[in-house]
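Two complexes are shown next, each including subunit A; its partner changes from subunit B in the first to subunit C in the second.
The block that comes next holds the complex of A and B.
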């Protein structure tokens, strides 16, 4: 995409720069708010790629210092695993 | 595209696993057992591993260290497998993933 507004910020959910900026214009001030408003960061990678980009956009748009922007809520597991890993027989699972 | 044989830092590189055959979208590809699926695909000249859900855009390797999930494919019928951190096993069936994929695979042509 040539258009900067159309540039993908969240690659998993395919959320554009324009959508992130719109969310901030509509009142979102934190990563968690933007996540719930746009789905950015809710995809397969769980915001490993986009959270830093979005934090930067918030900082630039609102003037809030980067180190005051709270990271998105992280919950285990920390990497994608199949749910049967957690079952008693899960130790046999491959491709995890 | 061939594999890196001489690396400026790691030195000479030789595949350590034995040659095995895997099936990629129905085509036989020769890979080395234990190398990452993505490496075998890149070495066979394949760049597109999946198509995205919304824009239907092609995706392939992006981070290559198992974080970004851009390289996910359907492996032995399991969708969303990160091919950059999943080792090749003999006879693996790898399929291009469309959107969020489908359990059991076999979704070519739905796109």
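The block that comes next holds the complex of A and C.
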């Protein structure tokens, strides 16, 4: 059981099942709120890997149907993008 | 349904939660309501700096210094980690004109007791090996610090709850009136009426909308800020960074340099800030936009401008990935100072808001001062400049 509690739900930010459950017990009811409360979903993959798992935990704990759980707010860039892609002119700055 | 409390705090961002906590500490029965979720206001979409160097000498700098002292010990009082770190900060100086302005500014701050200096090119290189060698010098203050706003909010909630504070998200204030006994009756979106002796408005950029429920007009408006979040990388310099050009523009508008993309620059209100979070991500900021209202969208123009700027100042950053681009609404006031205290002519109504770009830094001192006002304890700091004042918007 203890092992189960320590199971990593968000790998990028190393957030365990226990922490997710704690957040729900403290009143978090949405993916966005759990993200802000625990950091689960703030990682490199921007919750692509963990959000479905977390949604399932919310559904189990709160009885909310899975399809009513709103996905996390999507913000650009939807995948990690290197800064120089956005700043072509930044590469050859004059006087440097 | 009806609920009763001594003080109802409207808005549960970092400021409302601080007010709630410090009032609970004085024995008041406090309820905090917030129309959205935990951290969904500006306190969840911002940098994490307790920045002293950017402040002009005066009440704001004094309070920021006091707030920093409170932060040093707050984790013990709240009983949890707040991600407090003192990395120090440097403001990068590009040319002689900027240097002259910053020298004067720094010496006025020093006379207020701020620990800040101008350092030469060599020291700049030593502390910041990756900054472009275009910069001729910089300021340095070992005192600039940071906290994790989410941890601070959680800390206030948990410690406040231990003192009996109640916090409810997803509950908005909808109407407000006084009953015969002179107590506020606030109807909320859950159909509940909260009866309270005192009401504190701390709804950040939305404070004026909440003010409308009480028939007052609070001169607070949203000033959108966009910033970029990078993947986690090792530290690439000793301190957090800003550039002087934005501050020089504010201090000496006549020296503002004309840029290639001047109109875009002005519209976005582009300034440079570069800070490393406790988790290892860098936050690259930021814009200060007047015209965006409450649009929470981010725009590609800002993404490009912020990327170009950081690549220009720290060329190494070109190879780093952006994982997220966010926007938040700074609660701005016309004179740049927060509004804190009782609203004239409305007994039992208080405002604690309008911190613009300093709400994280100022959170502890704001709650503490409000509780000092409530208990009638005389506060050491001069409050005259902060209590609600008539301002032309």
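Everything that follows uses one rule, which is that the second predicted complex is superposed on the first by the 86 of 96 C-alpha atoms of A that agree within 3 Å, B and C clash if a C-alpha of one lies under 4 Å from a C-alpha of the other, contacts with A are read in each partner's own complex, and residues count from 1 in each chain.
Please note the rule applied: contacts are C-beta pairs under 8 Å (C-beta built on N, C-alpha and C of every residue); 3 or more make two chains touch, one makes a residue touch a chain.
Predicted model, so just to flag it, every value in this text is computed and none were measured.
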Which superposed partner A:80 touches (first subunit B, second subunit C, both, neither): both
May I ask you to decide whether A:36 touches subunit B, subunit C, both, or neither, giving the answer as first, second, both or neither? second
Contact-wise, after the overlay, does A:44 reach subunit B, subunit C, both or neither (first, second, both, neither)? both
After lining up the shared chain so the two structures overlap, which partner does A:11 touch, if you call subunit B first and subunit C second: first, second, both or neither? first
If we overlay the two complexes on their shared chain A, which of subunit B and subunit C does A:28 touch? Say first, second, both or neither. second
When both partners are placed on the shared chain, which of subunit B and subunit C touches more of subunit A: C
Subunit B/subunit C common contact set on subunit A: 13, 43-44, 80, 82, 95
Can you tell me which positions in subunit C touch subunit A when the two form their complex? 37-40, 44, 132-134, 150, 154, 169, 230-232, 279, 298, 300, 303-304, 307-312, 315, 317-326
Spell out the part of subunit A that touches subunit C in their complex, as residue ranges. 13, 27-28, 30, 32-33, 36-37, 39, 42-44, 46, 75-77, 80-87, 89-91, 93, 95-96
In the complex with subunit B, residue positions of subunit A that touch it: 11-14, 43-45, 48-49, 79-80, 82, 94-95
Which residues, counting only subunit B, touch subunit A once they are in their complex? 52-55, 59, 62-63, 66-70, 72, 75-76, 78, 80-82, 86, 89
